[in-house]
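Letters A, B, C and D mark the chains as written, and numbering starts fresh at 1 in each.
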Amino acid sequence: MKQLKAAVFGASGYSGGELLRLLDRHPSVRLTHAFANTSAGALVSSVHAGRAHGDAMEFESFDGVGSLDAEICFLALPHGEAIDLVPALLEAGKIVIDLSGDHRLTNAAEYERFYKHSAASTKIMSQSVYGLPEWNSEAIRSARLIANPGCYATSAILALAPLLANGLVEPDSIVINGMSGVSGAGRKAAIEYSFVEVNENIRAYRAGDHQHTPEMEQALTEIGGKPVQVTFIPHLIPITRGIYTTITARPSAARDGRATRFRDAFEEHYGDKPFVRFRAERIPEIRRVANTNYIDIGLRVVPDRNQVIIMSTLDNLVKGAAGQAVQNMNLACGFPETEGLL
Amino acid sequence: MKQLKAAVFGASGYSGGELLRLLDRHPSVRLTHAFANTSAGALVSSVHAGRAHGDAMEFESFDGVGSLDAEICFLALPHGEAIDLVPALLEAGKIVIDLSGDHRLTNAAEYERFYKHSAASTKIMSQSVYGLPEWNSEAIRSARLIANPGCYATSAILALAPLLANGLVEPDSIVINGMSGVSGAGRKAAIEYSFVEVNENIRAYRAGDHQHTPEMEQALTEIGGKPVQVTFIPHLIPITRGIYTTITARPSAARDGRATRFRDAFEEHYGDKPFVRFRAERIPEIRRVANTNYIDIGLRVVPDRNQVIIMSTLDNLVKGAAGQAVQNMNLACGFPETEGLL
Amino acid sequence: MKQLKAAVFGASGYSGGELLRLLDRHPSVRLTHAFANTSAGALVSSVHAGRAHGDAMEFESFDGVGSLDAEICFLALPHGEAIDLVPALLEAGKIVIDLSGDHRLTNAAEYERFYKHSAASTKIMSQSVYGLPEWNSEAIRSARLIANPGCYATSAILALAPLLANGLVEPDSIVINGMSGVSGAGRKAAIEYSFVEVNENIRAYRAGDHQHTPEMEQALTEIGGKPVQVTFIPHLIPITRGIYTTITARPSAARDGRATRFRDAFEEHYGDKPFVRFRAERIPEIRRVANTNYIDIGLRVVPDRNQVIIMSTLDNLVKGAAGQAVQNMNLACGFPETEGLL
Amino acid sequence: MKQLKAAVFGASGYSGGELLRLLDRHPSVRLTHAFANTSAGALVSSVHAGRAHGDAMEFESFDGVGSLDAEICFLALPHGEAIDLVPALLEAGKIVIDLSGDHRLTNAAEYERFYKHSAASTKIMSQSVYGLPEWNSEAIRSARLIANPGCYATSAILALAPLLANGLVEPDSIVINGMSGVSGAGRKAAIEYSFVEVNENIRAYRAGDHQHTPEMEQALTEIGGKPVQVTFIPHLIPITRGIYTTITARPSAARDGRATRFRDAFEEHYGDKPFVRFRAERIPEIRRVANTNYIDIGLRVVPDRNQVIIMSTLDNLVKGAAGQAVQNMNLACGFPETEGLL
């Protein structure tokens, strides 16, 4: 069987490494290039652990689209770098899946406010499809440029979307507390992410001001059909992988608040989605989703406080990054949605 | 100098061990008994680490108030057990500091709903003083029975009290997310608290239904002078010590929402409190308070989302338990408030 | 394609869970039973995380060989329990892979000394094949009862065997320090394995007296052809998975001690072994082997101290238990050695 | 009471921070300067957690001995930097306690081989006293320049010294495996010490070639009166604080190997030493010594393998660095040996 040729840009980071691992095992894909300029020449296995095959593969410098034989390109680059690279890749007919935040926000001013970088052109953004398969699969199937969602954004949007789609919660009442493992910060030399500073510690950061806030609001506004505003507070937790997101919202005053309505919404929208496991009665735990492409969602309605509590959890490097990127590739390339991901 | 004689009940648990450590170093106190029925006869040093003195001290069985020479008794017992013990101790003229939840809630029905145990008698409860020194020091100074606050409750009440006291937030808009280290669950053999189940994991528990919820509401209602209802979601985090609490609330519609009003409230109420470190501009971190009696509080006002975010952190075994108990003893016994705690 | 039917006994433990995960993905096997008496009736997914398929599978009680349709049985039971079960399984024509220590030691007195339990019968032991594929593959291919090696034993034997086989180190000079993650102690409720006791801690245990000592000596004596005696000291380390083993030995006085001799021995014996990665120049790290069936081995010769240092690392639940069991099954059942393990 | 004025050089590192914490609480000392050139002007409390006093203290740049009013100087600088600073400090009449390796090795060639830096002058080295109070207290009492021992070295030397002093083990048979928390590597931005690389991992480093090897050999040779050669292999473990050292040695052929001889040696030498807790029957654990100046030592004799196993543990930042430095100061300045350390 002919395999699709794939290249990973930014292959020395944690999302890049996870892409290599997943693509390595994907039966319909052949990994041809692992680009990482600063590590060029080093063995992939000197940086990333546990690769099954290709122990002898080396990181390469990218030297232009001209000679690039890959048909699909995964960009796991720092924010800002994908903007420069994407036009040439699209021009050359590549399918591009961008894991950075560069092609997610349709509002250029918001991009520039949160990412401190000039936004992608309107022309490019008009081709960008938000890669959340559970809500956008039709557009993804025909996309050439897919903006892979952020890790926190995926966990919050999937946890809230059924309730907003069905008008069950007030769109201005949403508080999102996120707790993330340290791999979410990327592979970098920094005292603030050193073991001694992170271990036995918790700290909030960018409280009320994180760049995934407008991404959540954009997606939820579109899904709910009404403007949504959220307060989002992320926290750094001393674990390697995983995001845990706890959300509160007020039930919609106009609707019957029985708990079954909330459960029904999740079952209606996610009953046939292979990577969403909704179980109202089971509290999600990171350890159940680590190293998988699943998102687990739980629900608790507290009638005497007029609140719905939704908890979701996923692996930030898999469903929150590389796994979702492969899921998007599967849709865009006509492979089975779960191929290489179970 | 004559030293006060002190006994610790429930001395083999984590709060009990922390009490031993603190009392050991306290210049005005002599630790005379470490009661722990199931460990009676064992060396204290076989259970608790790093004690400075008294390597030869043994746990004892408690066999009645008659022969008890201690003048002050610290109860670090499981919920429910203190209720049976307190009347005889008070009768015998002891000062009692109860670290359990048994003497905190004035509403017996709420106690019984959340603790699944018969409440203390009205007569005993009429003598019980809520031991939150920053808001209740006058009553504590003359108390014979002090109900030492819960760990989560301390972190949430101290973070919210100045805002409610000054009418700056809506009392029905409060969402509290707590993240706790595992020592908060006590020293026990249980698969759910075993290393492998907790490590690299996060999970919510008793979401919207935790027993510290009515304690927070009782204290905040009294401080704010208006009924307060909170939604509280605790989470178990893979660290040994520390609680991190992130709170959102809506600014009061009737008041000017300038950020300075919020800061001023904290500075007004805590400027002279030795164990509260409020720094609006610094995000609290557990590592700054671990093994100390400090609570650190930070603040972020998000005007375009109409939310105030308050973050607080403390060591659940110190300011959240044994340290606050010693602080209460200092007040009740006329010692300097910070003695033995710096 | 017809699939082999497999049953797992002791399926609720950590090795059992890893077996379920691996067998689930194995193309030539169909998992028909997950036996776990104390968890019978519970969903497998309520205990074990992240299973790809079979979310609805339940633990069962084992009620006798008569109705057991599985052709291969994996025993992940506590030491002692396999002894009672194996005769009937063999009688019924099952292939048995025993992950416990019950069928490893040929010397019954040593078994009884270290395991405090009556040894298996001589008749059964005569059928037992030690399941270390890198050194015993021929016997494994025709075995009906395979004694799957211990986790520490696998890491030490594979690290030493080439040197003893080639007579390069003194067989009475060997010191083995093992460091293990906590999953090695099994899934159990015990204060000594609770998070708070293990986290931020290290402790040796059974120093010089661990039950894997005679297992190492038996295998290495056979491989080296001379009596081998080792001093083995295991340590508990606050990680979930993985064993790190550091070994020192004196170069054989009779042989040339040049470093190349040592390297050559590893390359000679392991050059074609799919799960052994020997790299003299790279220090092994647990993170490279976690969740894989690889063992990584490194080597350092210190001529001016007359010592060879060998370091090996593996995942105690995979190459140290369930993965090696599947590797043994692959050999015994005629599947490719690496099937389901890459 | 007049207090001794103390300055800390390299105050922004982990040992420096621990010195600040200990000196802050020391009744006979007043901390006057916290020198840290790269952090000059920053609040000490912005880097180090939980300081009791002096929240407003700032790091300073050191601008010469001329204006330095401190009487005692603690140097917690990177190796190599103390060499340049010490002559002027001694000249100016300061007592100097150097926590680096710069003034420990009497053999300049060995210093240069292991530290890759020119050694201190013979004149300075002739004044340097090795600051191991349990074996060298007399010299320390009159020293002006104290070379504070390394963390691994302290744990190994104290564990072996009684046996070598009494001629109970063969001096060429010693194997030392050390396991250290990450704070031992210092406070630095480096991928290899980032949380994600260290967490859930173990790795050996500088196996057989660590710079504490000659330090151990020098001290043990002096104590034992015969040349000692050790093989030392350090490992990085995912904990913040603590060193665990496991040592094997062969009992001396010339001496009676009864276990009591070994125990007696420890009790003879350490019975009156306030910070050494020898308990043959209790396996040491890091959690018992963390945040204290104690070293715990345990012993296991394995007669049928002709080995003695000694296990020791200490907090690398306290008994392994800052605490031992304060203990040395106490001796050199005539304070009680345990002052400020219990």
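Just so it is clear, a residue touches a chain if its C-beta (ideal position, glycine included) is under 8 Å from a C-beta of that chain, and two chains touch if they have at least 3 such contacts.
Bear in mind the structure is a predicted one, so any value in this text is a computation, not a measurement.
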**Q.** Pair from A-C, A-D or A-B with over half of its contact pairs in common with B-C
**A.** A-D
Q: Tell me, please, which chain's centre (mean of its C-alpha atoms) is farthest from the centre of subunit A?
A: D
Q: Between subunit B and subunit D, tell me the centre distance in angstrom, where each centre is the average of that chain's C-alpha atoms.
A: 37
Q) How many angstrom between the C-alpha centroids of subunit D and subunit A? A) 47
Q: Quick one: report the Å distance separating subunit C from subunit D, using the average Cα coordinate of each chain.
A: 39
**Q.** Contacts with 2+ other chains: residues of subunit D
**A.** 199-200, 238-240, 285, 287, 290
Q: Would you tell me which residues of subunit B are touching subunit D in their complex?
A: 25, 45-46, 49-50, 52-53, 55, 200, 277, 282, 285, 287-292, 294, 342
Q | Complex contact set, residues of subunit D against subunit C | A | 175, 177, 179, 197, 199-205, 207-209, 229-231, 233, 235, 237-242, 244, 246, 248, 283-287, 290, 298, 300, 302, 305, 307, 309, 311, 313
Q. For subunit C, which residues count as touching subunit B in their complex?
A. 14, 182-183, 187-191, 193-196, 198-200, 238-240
